[in-house]
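Got a structure for you, written out below as structure tokens; questions coming shortly.
Letters are used for the chains, namely A, B, C, D, E and F, taken in the order the chains are written, and counting of residues starts over at 1 for each.
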């Protein structure tokens, strides 16, 4: 038995009770002693179609109440291995995208300087740019596993260069990521022209379109990516719209023909052993999540990400 | 400026952030120093028609995030006057109604012995019987303001004598309440026979059927009740189904032709000056609250109840 | 104790159990011995905007499971006074409006010839024309209490003369109703021109626009209508869209600024003493009834109509 | 018969067909020849709690398809009196609140310089500040009829001075409105302190709290305001959250105890005769409008506003 | 042509009409002459997370109205082979889990002593323990095909030993089932520790985790189970949460990464030839079934279970 | 750059703005110059279970706003190759199925005589019979790719021979289609007897039951069909209920065990090279599309159909 933070057990307090923290972990009031900080970045002002992701962290936490601590498939026991706390939400400025991005970057710098691994619940995908800026400041350019329906490599949208659709072009331009260790998985949908994806491929980005993954296990692909990355620091950015809308309807820009949750689980489990220095789960939009499955899935995938963080042991 | 607990301001942290406590008050970890304890009793196993009230406390807290501390109508400033904390939920046994009622009574005895005023979020109405038992243990028989579509004076249901429909017969039989200082407000709907209401009236219960209140301000009636009660200790039990389903659809046994939220506000505001020793807000069933209004209304009425607790000053 | 049909008691069988008949009455397999036949006319092919009323009878029956037999307000005990059965739905032809209207008229002729009073659950309002034809065949022209947001006196729609918007012009032209004993209550909304209502008024129809009823009890108006009708046979056609959409959102052509359920209850209760020879409740559209209140309200208003049928005693 | 734009008739084309313009008016491609321009300002980045108002114009237009051209209550025939067109939406920058406000002001200046009266569908309430700037540029300070649950007179939110909660303080400070001809109607809810409303009253703003209007007709109050304003140019800003959430659940910051739709209709109809130079309907948030009533109500109230514009004749 | 009970044909009566029995079979009033009794056990007081399964039987019946009698894939014609009736719901005591379990067991003993095969619609999974007690009383220990996301082998929950999470440990301890002929299919999700599943495996339970079934046909596995069971009496307990929430969102404890409906159909069809002595379909929770698919799927799977009962012929 | 119609770019006008045409194409006011006409046939009076498809075209258009012009998978650029316009809805008679079918046929004859390829958004499946009549009038009997859960080969329903369930029997009898070049893909569900499908197979129809397609790519099957059809004119009729309800819940007669959206994309993309002379997408019922995925999927599949029309080039 460790003295690490533990989720409240469903046998101690009914699951519909307790704090609205991730998996009913104790609410952390400081970073001291934490190995991993789960945090919310509740924001939707970087979205181009449907909004609502400002309620993402709240809803992901609510659905996480049903998750138990032990991973029955992989045997991972994250709460026995690491001290994990929910540090609440960043105090973004909901009226200004640019100011919020500044706040996120500064907050991340503080977290990273404490030696804590940040695990973010978005919010729209625009949060990942300031996160990567802080990450690169500490680690230099990182490998990137980016699971998403969209490549998010637009140059600008309505003249703005920092939105949820331009993140990874900016990250490339600013040298935040290692281009040929950037893996974009689940891409699909329509575009403005043939060059939408090709330019990123010329930079070195490795593309795994959804249509090449249909009906396949992602175990092998995940293992290949893991080998390709090696020991480099890697960031995992997980856009819930990588999943098919049958699995995750509650998101801002859904695209049909996406991945399945079995594929998502296979992919994340295959990342075990990587030097993950941070990760995020973005674009969960509760007002459009009529079935509640989207937040439920996001909560479970975040748990699976915790299970593959460096230092997590299995039983 | 007091050093009492204060809700987090919407100008300090976006309203969609922060702990899921009532009005984003600090989560209290003990009763020490509290004047008022807000608590959840998440239970639906005492209901006869639709379930779902086990999620009532969670949802009422979620909707309470929008409430600001100062009452613009009455001038009440409860958080400047009393130290109010959210002490979380009681750890009921969701598989046993009788065991849960026992747990509630014991928990209330503990709270009351600390001198803290309990304000409960249900849960179905069966929670009020053990609450009244603990209340009467401390205060003797109390006056009762009971706002509800139903009189809840059945003798038994399926042979069970402690359910959400038998509470006030039991309370009468056990001498927990002062019969002729018991006010049942908002009664309506259909019954099994003419005697359903008449027997309770013979005990001394004072009935205010909804149909006699339509299109009327409840200010006067509330004032009259207040005068009639005088300085006696009084408990307020508020069933959200007292409201018309247009105002509060998310409840287990809705009845048409009910009260309006303006009437609810008038009634509660008229209770100012009473010696309220506890109160509850019950029967909010989130799965049926498709508009979200029910939990929003419950949160606001709970706030209004806080505003009329003894000791609250106005500005 | 009578040997009339009785609803299953909620104390004998949980309310979420039992047959999906109105109020869980026995399913009648013949008209023999019945005083009143409750029946469904599940149809939506006569509607001009939203469809869905084909599921009206099913949903009204489902929500009626919570109604108890005794009217706590008026003291009416319909099931002690009359033998009431649910005879199921008419077997309409869902692909042909004209054929369905023929089937309805023939079915009603059979019911009326058995001396049974028909109480219909629609379906869209087009069902009322064939009903009135059968009614007039037996009783001659009848008085009509028509509660509705719309006068339904168009001449034709897309060239069709028998739709949910033309019913009462046809009824007038065919002499099915007594024009100056026709009361249209709750009218509002927009029209094609000033003459939309005025022509019907010239025929003798008495109009009670919703805007003249706001914030008023309908008790007096109902009493006045009752006196004006006297002993004449009268038919009551109740369109749920007479209610404000806050009270009854689940309907095909909602109009803001409507009646309240208290007003609906006052109106129906005031009709006690009339020689009602049939009635209907139409335009409940479950796919648009997200709160469930509309079917709940319709079920309760149907119950109130049963309570004012000739022969019902009070206790 | 005029050659003004007319809505498509429901007897020419089924109501579920046709363009998604307001009331199925022709889509205007220029301002030439128009008296009134209906336009959308689809924006939600100025909101502090729930987002979603970016879909307001789309949904209001969708629900407006059921409205017919003639006002059966007042006799107004707006499309016979004025040439009214739907000019589509402003091309706001959804990633920048400040840039969007600039775009709105410039667009309004262009519309106003053409002599066309603008009628806006929001969007969150922050749109009204740039609108008033353009209005004041043309007309000087105007009278303001502001119907809302909130006074929107905060000084700043998260350091930002232009949000949906600061509009009317800015308008006062910039001299865009005549302070003592500013009427704030429907105010309620909670605040940060006693001074929240009082400061605005000291400027001269006239407050009509919802609690003073409950159960009252607004006809008289509207008439009084009309007389008080006289011939001054007046702007009408209508926040749908002025209505009780029972009537308008689909909005970002709902407050219980609000106005009813009959009151809304009475109020707007009482404004007939004023020199209205523009108006807006804001804060309709379709993702939260589960019943659809909110957009339906907004569409009807906009129609009623058209009916009281200067120059509209009655029949 | 048989004189067995037949569902009402959709060509005789529109599918939105007719009794709310399973597939619109005649409501059976006794067990006489029946081979198979379909019954509801409407209960949710044994659930630990979301409630609502008390409405499961009602909703499954409602969605079953669209099913036609002949199985186009397997050629099975159950209503030509067996006399099947819907006998309604058991009259459980909704306020007491222990009393309800007693009622279920006694009711099942009566059904089984009549030689009728019971097919249950739950209700939460706690109903299966008393069912197995009655089954074992008649048949001795039976083989068990248990399709579920969860093994339901907890020892107790909140001190209670009979809940929806402890069923199969109790069944094992009481010798109701043959341990090494117990097949748990679809297991996944998180647990309290490595031993959660291993202990049951040590008893002999055969586990088929969902993750080993992804992207596979279940035809072969089903055939293997069939051969392994041989002629033994076998009970089939089907928890709808075995399916992925994309296919069955309306359930109390959903787990991502589950089975698909094609897999469910393959599995059930492969069970043809087994000596099935009873079966159930549990954990359908209509309040969470926003799409309606869950009840629809449950109804179809129940139909498929009817198609593989002993004695059903194919055409 | 062509002068063909182009969708409004999401970078010119926010996606939540703009006309409610398919993909925000210009609203075509005539057929002149068009190669392809997208049109709505908003009708639900031919349905036997749930209605609501009258709102199909409106909702498909709304969801199409997110689609960009270029097909990232196939490289197709339909708007660079063909002049495509949205010509609005046919003015059907919503009160008469037979009259509506007449209107559809006449409208199609006019479109086809202009040399324009019609692409229809339904509406229920009964629209395809008059479409095929007009198609056959121009092209003679055509090959038919019919993707559907149901074969729609009933002889009559309630005595009516032209409904959504009889279309392809009529088409066969009237010689509108080439029987042995008719491919019915995705069939499943229950039937009235073994002959339901066999008779159509005897005519020559080629059946591809869903159960034979589970877990398979449809690329090969599509290629085979393409080769089998050769250069014949072919019509594609796409019923959204061919998809599993997990992917497309919003339809009138959902059947479990259906196709996936990846399979739908594979199938349509394999049809490239066929001489498609028209196509439709039917049975999208928005009131039942709680997640919005159904209309989203229909919009995307329609786009994919545009991408395989004759003359579309790739980049």
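Couple of notes before you dig in:
In this section, a contact is a pair of C-beta atoms (placed from the backbone, for glycine too) under 8 Å apart; a residue touches a chain by one contact, two chains touch by 3 or more.
Since the structure is predicted, the reported quantities are computational estimates derived from the model, not experimental observations.
Contacts with chain A and chain D are shared by B, F.
Each step here moves to a touching chain, and the least such steps from chain B to chain F number 2.
Comparing mean CA positions across the assembly, the chain most remote from chain A is C.
Remark: among chain pairs A-F and B-E, A-F carries the greater number of C-beta contacts.
For the pair chain B and chain C, the distance between mean C-alpha positions equals 38 Å.
Distance between chain C and chain E, defined via averaged C-alpha coordinates, is recorded as 41 Å.
Within chain A, residues 14, 16, 48, 54-55, 94, 157-158, 215, 244, 246, 288, 290-291 each touch two or more of the remaining chains. If the chains shown are joined wherever they touch, the resulting network has some other arrangement, not a path, ring, star or complete graph.
Touching chain B in their complex are the following residues of chain A: 12-14, 16-20, 27, 40, 42, 54-55, 57-58, 61-62, 88-89, 91-92, 94. Every residue of chain A that touches chain D in the complex is listed here, in rising order: 44-48, 50-52, 54-55, 93-99, 157-160, 162-163, 287-288.
Those residues of chain E lying in contact with chain A across their complex are 48-50, 157-158, 187-194, 196-197, 209-211, 214-215, 244-246, 249, 253-257, 288, 290-291.
Per the touch definition, chain D reaches chain C in the complex via residues 9-11, 14-16, 65-73, 75, 215-217, 244, 246-247, 260-262, 265-266, 290-293, 296-297, 300, 303, 315.
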